[in-house]
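Okay, got some structures for you below.
In the two complexes below, chain A is the common chain; its partner is chain B in one and chain C in the other.
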Partner chain A sequence: MIDSALIGAALWPALVNGLTMGAIYALIALGLTLIYGVLHIINFAHGSLLMVALYAVLVLFERLGIDPYAALVVVVPGMFGIGYVLQRFVINPARHGRDENTLLVTLGLSIVIENLASHFFKTDTRQIETAYTFMMVDLAGAVISMPRLLAFAGALASCLALAVLMRSTDLGRAIRAVAREAQGARVVGIDVDHVFAMSFAIGLACLGAAACFLLPTYYVSPQVGHGFVLIAFTVVVLGGMGSFTGSLVGGLLVGVIESLGGLLLGESLGQIGVFVIFIVILLFRPAGLFGQRT
Partner chain B sequence: MSETMSEPTSNATPSAAAAPGRRQFLRVSGVLAASAGAAPGLLLAQPAPIKVGVLLPLTGAVAYPGQQSREGVMLAVEDINGRGGIQSLGGAKLDTLVADAQSQPQVGAAEVDKLNEAGVCAIVGPYASAIAFATTQAAARHNIACVLDQAVADQITSRGLKNVFRFGPSYEMAVRTGINNFHILNTVAGKPVKSVIVVHEESLFGTGTAATIARDLPALGYEVLEVIKHANPTRDFNNIALRIKARNPDVVMQANYLNEFALLLRTLRQQGVRPKAMYSIFGGGGSNPKVAKELGEAAEGVLDCNHWFNPRDKRGAALRARVEKKGLTFTHELLMGYNATMLLADAIERAKSIRREAIIDALAASTWADHFMPYGPTRFVNGQNQGAQPVVTQILKGDVRVVLPNTYAEAEAIFPATRG
Partner chain C sequence: MNVDSTPGEILLAVDELHGGYGAVEVLRGISLQVRQGEIIALLGSNGAGKSTFINTVCGLLAPGHGRVEWLGRDITRLGSAGIVAQGLIQVPEGRRVFPNLSVLENLILGSYRRGRAARQANLERVLTIFPRLRERSGQSAGTLSGGEQQMLAIGRALMGEPVLLILDEPSLGLAPLIVEEMFGLIAQLNREGLTILLVEQNVAQSLELANRAHVIENGSVVFGGSRAELLATDRLRRAYLGS
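Moving on, here comes the complex of A and B:
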């Protein structure tokens, strides 16, 4: 049914598409892996919080006419603030020293957030049209939309910024110290609760950035997060829990596999590709591509 | 269940109410007695409200269409009660008990049992076919009439259940009409279209529609170049768009839900794929005014064969205006929820009773003509309204307009669409 000439012609564009989509996956997964790496909690509300950020971009665009990329300066700090408050005053107090409590709290949060969104925004699917929605760029034969290309660049820049933050700032060093040994960090005078909240906040700021890059080519509905959260978990486990490089490589890999799988096996069956690679990597590298064995 | 089903509660504690309340009670009851004496017929003339179950998916995967349908049901109830309720029952008002099927068949069936206990005389809903299979059967046990708002799967009305009624066209009826109308459009235009690619989502709805289209179109002289299946959700349609581009079909037919429908439209546009027409049957967003507006140019000229009102009847446009004034989107789900409720009200009126049996009989014998759908009077055979039909709409200048059949058309179809 699929002839080889067709595949040959579509191979390069499919690869480019996969990379651009993968960069967004990486950015979403980056937030998730940071939260896991430091707090050792799986944030089940990650998808719902992405949805919150997407709605924020939509409202800013529709009500105030703010361009999605300009919205970065509002949405990223906004999500950062939400993250700090959520972790410090909701998730942390409910933890009572047990990780499974956190799990339930984030799960509960996701349900509450989704229902609030259904109430305020209705269950409608919304999209925006900007002046550059249909602007296309030719990359050596692969025609790709401008927003997708910007999303790719933006996601990579965000990853780079986060890497710099983690390596060269006091906050980054504190986060890494807490991730490795929270008790020890407390002993040397690091405010661990503050670092926990900062990590959660940075994780959500990544979602804020992802939302600004995503909305010009995607849509938003109260359920939109579901489509990304499974992929983000896959990326995190594939790349190695808590590893930033792992998230980036994992995200790009998943994007490319998904795209090529769709091309070669059809969009329905092609989704299997991601999970086949996932299982194979876990068989041979149980800690993921860049994960450290404990 | 909704708040309407909860018992009224009082916050006053007995001790707090006792001391100062006694005199007050005497005074109030005296006033009440006097007023009742002055207008003896007032309390007796107010008949008990008629309990109607509204069972829809209000959360979960199909929450959007479910909520839209609920809006339609509520508008209909507002209209019925506003014009004095059910006349044959002394002006009794409709009282809705809203239940959430949570997009799951088993939840829907359980909610039917609750509605039964609450004493509803009939149920409107439940939008999705998968839920309707379960709820109609559960309702049959209690002999409750189910007036389907959509639930288009043919099998729902072919199982010999006496309590099921579908006002709109079934799936088979719509697909048959959809293919015929497509052929008419092409024939009238001088047959510019020869090849088709079908893109469909992977569940029963998309797969079934695609299979029927691929089976029936070749007999009418069309070549189906490819049938492309995709998952729900599909986050990126670039691969599919590139495949369509390489195949260069005259027409792309979609059978999928709103999100993917809109995403594919946009991606095709981005990749510079300009087929002569985009056509769908029960298309996810092909006749959604919000898609028409938000997607702008990318949605222009899109054709859809779907439920829509008769544009020549002013009441349809009036309802639409009312919906939009409330800040809602007017969609076919809302329209069909409205109609299902109106049909039920007509049946209760004729039944002159709220006995479930009587309402089922009245629905089976229904000849309701006071509606604004392109149907004619109702005539039910095995629970399916025989005169029901979908119409073909086209997105023209950012709005949804009926273009076929000619009897109901409000604009001329642009076919092949000048998609540029």
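Moving on, here comes the complex of A and C:
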């Protein structure tokens, strides 16, 4: 049996660790839920595109010596641009057919991207080491690495920035309008195709930010996106498809459950807890925590 | 009723417009003109092509042959965003308000193609016309009643500073009292200088307002003229007024 006192002492650090990871999950899921909510497509390439952003941060660091946090100003706009072009010229042309088409296009994209990554970067797992990688902070007994704390703060700040964009700007209002009433949006003169592309672009910009915050304490390989995309889908469904609050709360929740699961069941079984809670929540709230029944 | 007033300059000139949905042709060469200051009624039974016509003119549907001119300029393929910016704005059938956005946000989006400069003044004007919308400004539009949603749809269109306002079936599904109010409002907006193209199944009431009427049947204009002329045409009077 595990000593209960030992678990008690480990609980707080596990909670803190879970929250830091959860904030990253929330940011990735926010991008996914935005794309789903507006375009009504499930972006299967979300994980591979996160991987692309992670490699971008890695290359900028290794080749040009650019700090991962400084890389935000390059990677976020870069991913935004990739997203705009991808949606406008690759995904949108497939939208006029059946729904499965866009699904297959994003799935195909992810296969192409992953194989390109395997070709150019080999399948090794790579990491970066910065001056602050091993810098530790003591948070009331929970010792946590500095970059993870920064990741938490950065991811939450990004979520907040996105919320402000959606609430208080014309673009944000247009995005929410198009999500529910595209014809009405055309009537007031909103360029709906542009809003579609902007939404996809913003979704990918979230991945760019997540990659910059993630890489100092994580690793990258061509398959790194798989784990994240599974978690992100879980978060999106758990929080309620298309709900922003749902993604944020769901992300933090999944992070904490995963971390506590790891503590109680061991690292390899930690994720079981996530899916148990997932099933239980969906049993009682089929539309997710913050989802709207339609 | 100002049937005899001197007509203003031509705002909208539609010439032999064709269009429809993919291979299905609904509009078979529609021509009509709207002059500054008029109220024009566009009549026709269900499925005659009235909404298809409106949506093609407004750039929501791809046009076939034909030409749409706005103040003498070709806008046939300008697209809805550009057309709205010209001041050719419609209140669509079924209102199409944004149910998940607040009343205020709906109105703000009405000025999407306008600068922020005049937004506050326009908002104040619309909220004065519709005090009900002011009361409900924080509420999401999906929770409004049908009549309130219709007011919101009109208010949203007014936020875009229309020169020609197209109303597609504004009385549809509304209680008679509200319909009365709606027609009163349309007359008032016209008196303030707004040109109006009114698409209605409520023929009697819209004819009371309109200077001229066009009747569409099977995607073609079968009549265009004054109210008196329409009433003098037996077949049309029987078909649309039932007497």
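Everything below uses one rule, namely that the second predicted complex is superposed on the first by the 292 of 294 C-alpha atoms of A that agree within 3 Å, B and C clash if a C-alpha of one lies under 4 Å from a C-alpha of the other, contacts with A are read in each partner's own complex, and residues count from 1 in each chain.
The rule we apply is simple: a contact is a pair of C-beta atoms (placed from the backbone, for glycine too) under 8 Å apart; a residue touches a chain by one contact, two chains touch by 3 or more.
These figures come from a predicted structure and were not determined experimentally.
Participant: Quick one: chain B and chain C on chain A, clash or fit?
Facilitator: After superposition on chain A, which the two structures share, chain B sits beside chain C with no clash.
Participant: Where does A:268 make contact in the superposed view: on chain B (first), on chain C (second), on both, or on neither?
Facilitator: The answer is first: A:268 touches chain B but not chain C.
Participant: After lining up the shared chain so the two structures overlap, which partner does A:158 touch, if you call chain B first and chain C second: first, second, both or neither?
Facilitator: After superposing on A, A:158 lies clear of both chain B and chain C.
Participant: Looking only at contacts as defined up top, I'd like to know whether chain B or chain C touches more of chain A.
Facilitator: The larger set of chain A residues in touch belongs to B.
Participant: Would you please give the vertex angle at the Cα centre of chain A, with arms pointing to the Cα centres of chain B and chain C, as a multiple of 10°?
Facilitator: Spelled out: centre of chain A as vertex, angle of 140 degrees.
Participant: Once the shared chain is lined up, is A:102 touching chain B (first), chain C (second), both, or neither of them?
Facilitator: A:102 contacts neither chain B nor chain C.
Participant: Thinking of the overlay built on chain A, is A:199 touched by chain B (first), by chain C (second), by both, or by neither?
Facilitator: neither
Participant: So, A:181: does it touch chain B (first), chain C (second), both, or neither?
Facilitator: Touch partner of A:181: chain C, not chain B.
Participant: In Å, how small is the closest CA gap from chain B to chain C once the two complexes are overlaid?
Facilitator: Result, nearest C-alpha distance in the overlay: 37 Å.
Participant: Where on chain A do the contacts from chain B and from chain C line up?
Facilitator: Touching chain B and chain C on chain A: no residues.
Participant: State the interface residues of chain B toward chain A in the complex, per the touch definition above.
Facilitator: 59, 61, 63-64, 67, 202, 226, 228-231, 233-236, 238-240, 242-243, 246-247, 258-259, 262-263, 266, 269-272, 290, 294-298, 328-329
Participant: With touch defined as at the start, can you tell me which chain A residues reach chain C in the complex?
Facilitator: 170, 173-174, 176-177, 179-181, 183-191
Participant: Mind pulling up the chain C residues that touch chain A in the complex?
Facilitator: My answer: residues 58, 60, 79-81, 83-85, 89-90, 92, 95-101, 105, 108-110, 112-113, 156-157, 160.
Participant: Contact residues on chain A for chain B in the complex?
Facilitator: 1, 6, 9-10, 13-14, 17, 21, 115, 118, 122-129, 133-134, 136, 143-145, 217-219, 221-223, 226-228, 258-259, 262-263, 266-268, 271
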